[in-house]
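Below: a set of structures, written as structure tokens.
Here chain A shows up in two complexes: once beside chain B, once beside chain C.
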Partner chain A sequence: MTLIKIDRQTWVDGIEKAKSAYRVFGPVKENNDHEFKLLAKGEMPDFNCQNTRMSPKAIIYPQSQIMFTYSLDESKDDCRIMKEVENATSPQVAVGVRPCDALAFPIVRRNFDSPEYQDTYWIKAYEATTFVGLACNAACSTCFCTSAGTGPFGETGLDILLVQDGDTLYAKTLTPKGEALAASAGWSSPAASDVSARLETLKTAAEASVTAAVSTDKLKDKVLLDLYEAPFWEEEAFSCINCGTCTYVCPTCWCFDVQDETHGKSGIRMRNWDSCMFPLFTHHASGHNPRHNNYERLRQRFMHKLKYYVDKYDSGIQCVGCGRCIRLCPVNIDIRRICDKMNSFDAKSCACDVASS
Partner chain B sequence: MIEYTAKIKEIANRLLSEGKVEMVIGFRKGTVPMMNQPHYATSAASVNELIWDSNCAINLANYVTDKKGTIGIVAKGCDSRNLVTHIIENKIKREQLVIIGVPCTGMIDRHKISSMIGKDILAIDESGETITVSGAGFSEKIIKNDVLQENCASCAHRNPIIYDELIGDKVAEKTYVDPYASVRRVEAMTPGDKWKYIEELLAPCIRCYACRNACPLCYCPTCFVDESKPQWVGKSQDSIDVRTFHLLRAYHCAGRCTDCGACERVCPMSIKIREFTKKLNKDCQELYGWEAGLTLDQRPPLDSFKTDDPQEFIK
Partner chain C sequence: MQNPYLPYPVRIDEIITETEDKSLKTFKFVFINPEDEKKFAYESGQFGELSIPGLGEIPIGIASSPMEKGFIKFTVFKTGKVTSSLHAMKEGDIMGVRGPLGHPFPWKTLEGKNIVIIGGGFAFTTLRSSIISILDPVNRPKFKDIHVIYGARSPGMLLYKDELQAWAERDDIHMNITVDGTNDPNWKFLTGFVPTITEQKAPSGSPDTYAIVCGPPIMIKFTQPVLDNLGYSHDNIIMSLENRMKCGIGICGRCNIGSSLVCKDGPVFTLSQLNNMPKEY
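Showing the complex of A and B:
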């Protein structure tokens, strides 16, 4: 680990230099909001934002992705043979990834890169990417990263962590990938010896600025079916309109649907983000839908993130506290409220309530 | 408008205790500023959560679709017009509803205020026509009229059309504001420019379907984009499929849309979805002299046939 000082001009020059070896993504302001985009020549990442509207997950896992092509032309030898599309991502950098979003990649990796199953599309893109984080000096009011496994200066999932101190950036290289990027960008001036202490002060202040929190300590010990059958789901789901906003803006939602599209005699097999909020997500070919009611779909989303994942991986919740779903839910379904309800749920007292009423 | 809260609670308690309704649908205070949450009350404790202010923009008619039993529902002008449409379209029976009418002075535009302030808003207070927005180290006063949702700024039906209880005195309707200025701009474009305009308008769409799901008109058991046997529309981000969804959805709303603005309010990508429905509202007004949701006594023009229906547009 090295601590590097980057002044304004070195930063701008370094990003341009990096573009000759990497495709560089960063937050850019579009209309009123910031989104991660591939930066054109001369275009700089704009750090004058907190969390981007959409998470950076699409850099690794695009909303629509072609996996195979096929032909239906009987006169061809390869008729009806699925051919994998060229699946190699050239080296790329995601600059300005907030620590919450950075933690999402190792979380999602548990699904896409497991001992039993390797998703070649996700893995190749992930391995080709260098993650350059940007520490948050102040949290948004909806941020609860410090109770979701990371913090405003969290390093998990990152190759470099940048810290902004006025006009100066400090870069902490965390992995060989990060060192390679720093070398390629020409960021090499060691920071003065007292900078570490300064960054600690910034970190402490940043952590203190996180005012929202969730309690997750009891989730693991809950009986799964007790939570599943808890009486609060229908009430909490009343306002839910079952749109896909929460799942699509979420950095850790990974579900997709596979679709074939044929045009004339050729076609593509692709995958598209899907959402457990949609009835079609679980619609069986028979016509039966095991999650027919809207509360069942809402329950699935929260049970997956806050119970099934917790039980399966024993590694915290499948949520990084970025707060996007809270800010963007059209009807104010708040994961903090649901998580606290789940964490404090007492099946016994509930059963007594029902019995006595 | 905030003084309505006490009155709403009083009526809700009365309706529930007299057994006139099984639940009262209204709003409760949200966990983040400018985001009240649709809420149902069945007990004194849940009635106590009911609230009214300028952040109650979600259309509550969406929450009574095909519901059984008797329901009290808080309804501002646009909600009441969608209740009329629901009754006409047999999605709820008039006798199931006790409509608690709210004369409305408009809802505030959370997208507009957020981009105007540009900082993390922690609290929002309103007093009469003044909105105070505050956060870490700032507090700004805004005139409510300057930050109304666009549909509210040109709303001509602020008072409920049908109601059983009225929460306060009727408010004066606004002097006419042309709701169709932007439609006229698009109408004047060349086909190429129109195409480009629509393409750019829809480019940010992520197909979350929040617009459709927040819309009281979109109650099809299976939306055409969700049909799988056969599948009518592709599922990717292909711009043709995205456009197909938005344009067909708009046409399904022709002659039914009350311009409540729910679609635009809920869009996480701030897409101006009303550009489509407004065009169809304008056509309905010009061709049939029709505005949706104003009467229970007349079938909407597009679900009835008359020999003197206009047909100049058929080419």
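Showing the complex of A and C:
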């Protein structure tokens, strides 16, 4: 680990230099929000934002991705034979990834890169990417990263962590990938010896600015079926319109659909982000749907993040506390409230209530 | 790194219409690249994703047995977009198959045991695979008594009729073939619903006796209490589930039941396991 000082001009020059060796993604302003985009020559990442509207997951896992091509031309030898799309990704950098979003990549990796099956599309893109984080000096009111496995200066999932102090950036290289990027960008001035202490002060202040929190300590010990059958799901889902916004903006939601699309005699097999909020997600061809009611779909989303994932991997919750689903939910469903209800749920006291009423 | 979504190209070698209403056809596939057959090494109870370019993929249980070489077979009920198109295909057509996927029936556990195979309707496909495997001279000595209870609505709706006939004539398997009802005066097997026939014909439960149950939800619902009465432990009742699937390898996220994915952790579960899972299937 090295601590590097980057002044304004070195930063701008470095990003341009990096673009000759990498495809560089960063947050840019789009209408009223910031989104991660591939930066054109001369275009700089805009750090004048907190969380982007969409998470940066699409840099590794595009919302729509071609997997195969095929021909339906009977005169061709390869008619009806699926051909893999060349998906070896050239080196790329995601600059300005907030620590919450950075933690999402190792979480999602557990799904795409398991001992049994390796999702070649996701893994190749992930391995080709250098993650440059940007520490948060102040949290949003919906942020709860400090109780979701990271913090405003969290380093998990990152190759470099940047800290902004006025006009100066400090870069902490965390991995060989990060060192290679710093070298390529020409960021090499060591920070003064007192900077570490200064960054600790900023970190402490940033952590103090995170005022929201969730309790997750008891989730693992709850009986799965007790939580599944808890009485609060229908009440929580009452206002849910199953729009799916929470799943699309979530950095840790990974579900997808696979669709074929034919134009004339050729076509593509692609995958598209999908959502457990949609009835079609689980709809059997017979017409039967195991999650027919909207409360069943809402329950699936929260049980997956806060119980199924917790039980399966024993590595915390499948949520990084970015707060996007809270900010963007049109009916104010709040994962913090639901998480606390789940964590404090007592099936026994609940049964007594029913018995005595 | 092997792309787990890439289907093996196959040619439809033979199509057999199984039932009188033509809703079920068996497709026999031959791998276009012979080395792919080795990669598709499977056991009874597993499934594959049948891939038709331009339409999509469907998860279907493997009806052939690993003891049958040179081809793989799937029996498909015509119900949705992909299955309807598959039913319209002809011998010689090229398509794709991915797999084998999921876990097979627990054959190591079943060795040295009595097995009762209970099937209904068109959920008899992986059970056909199992029976072919068990009856192979190499495998038959590994198992004790084998009982089969298989029911369909009518004689014309039974799958694999010639094989059922041949198995009924053997003395190393107790076949109980039944139909809900029939006007056929020549019907020589049983009449009655699967749960009733199970009550009459299945051996009592014991630590050495396992039931494999595959069928429509209504059959399963009424067969389970029968097995309970016969003294079957829920660890000894093995079932195979279906849910809507896409990837078949535990990644796309839609087929989960609680923490388990039907495609990757199933489709085979014991009733004991299912008792501790939500009923989302």
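By our rule, the second predicted complex is superposed on the first by the 357 of 357 C-alpha atoms of A that agree within 3 Å, B and C clash if a C-alpha of one lies under 4 Å from a C-alpha of the other, contacts with A are read in each partner's own complex, and residues count from 1 in each chain.
To be clear about the criterion, a residue touches a chain if its C-beta (ideal position, glycine included) is under 8 Å from a C-beta of that chain, and two chains touch if they have at least 3 such contacts.
All figures in this text were calculated on a predicted structure; none of them were measured in a lab.
Engineer: Let me test your reading of the model: by the given contact rule, A:Phe68 touches which partner, first (chain B), second (chain C), both or neither?
Structural biologist: second
Engineer: Check the residue A:Leu224 against both partner chains and state whether it touches chain B (first), chain C (second), both, or neither.
Structural biologist: So A:Leu224 only meets chain C here.
Engineer: Which holds for A:Cys243: it touches chain B only (first), chain C only (second), both, or neither?
Structural biologist: A:Cys243 contacts chain B only, not chain C.
Engineer: Which holds for A:Cys140: it touches chain B only (first), chain C only (second), both, or neither?
Structural biologist: first
Engineer: Looking at A:Asp257 after the superposition, I want to know if it touches chain B, chain C, both of them or none. Which is it: first, second, both, neither?
Structural biologist: Both chain B and chain C are touched by A:Asp257.
Engineer: Per the contact definition in the header, classify A:His283: touching chain B only (first), chain C only (second), both, or neither.
Structural biologist: Both chain B and chain C are touched by A:His283.
Engineer: Identify the residues of chain A that lie in both the chain B contact region and the chain C contact region.
Structural biologist: Touching chain B and chain C on chain A: residues 257, 259, 283.
Engineer: So in the complex, the part of chain C that touches chain A is made up of which residues?
Structural biologist: Answer in residue numbers: 1-7, 9, 32, 51-58, 79-80, 83, 93-96, 242-244, 246-247, 249-259, 264, 276-281.
Engineer: Which part of chain A faces chain B closely enough to touch in the complex?
Structural biologist: Going by the criterion above, the answer is residues 30-33, 50, 53-54, 63-64, 138, 140-142, 238-239, 241-245, 248-249, 257, 259, 261, 270, 272, 275, 278-280, 283, 326-334, 336-337.
Engineer: Would you tell me which residues of chain A are touching chain C in their complex?
Structural biologist: 67-68, 70, 72, 79-82, 84, 111-112, 114, 116-120, 123-124, 224-225, 228, 254-260, 262, 267, 269, 271, 274, 276, 281-286, 290-291, 296, 300, 303-304, 307-309, 311-312
Engineer: Give the list of chain B residues in touch with chain A in this complex.
Structural biologist: Against chain A, the touching part of chain B is residues 30-32, 35-40, 58, 62-63, 111, 114-115, 120, 122, 135-136, 204, 206-210, 212-214, 222, 226, 228, 234-238, 265-266, 268-270.
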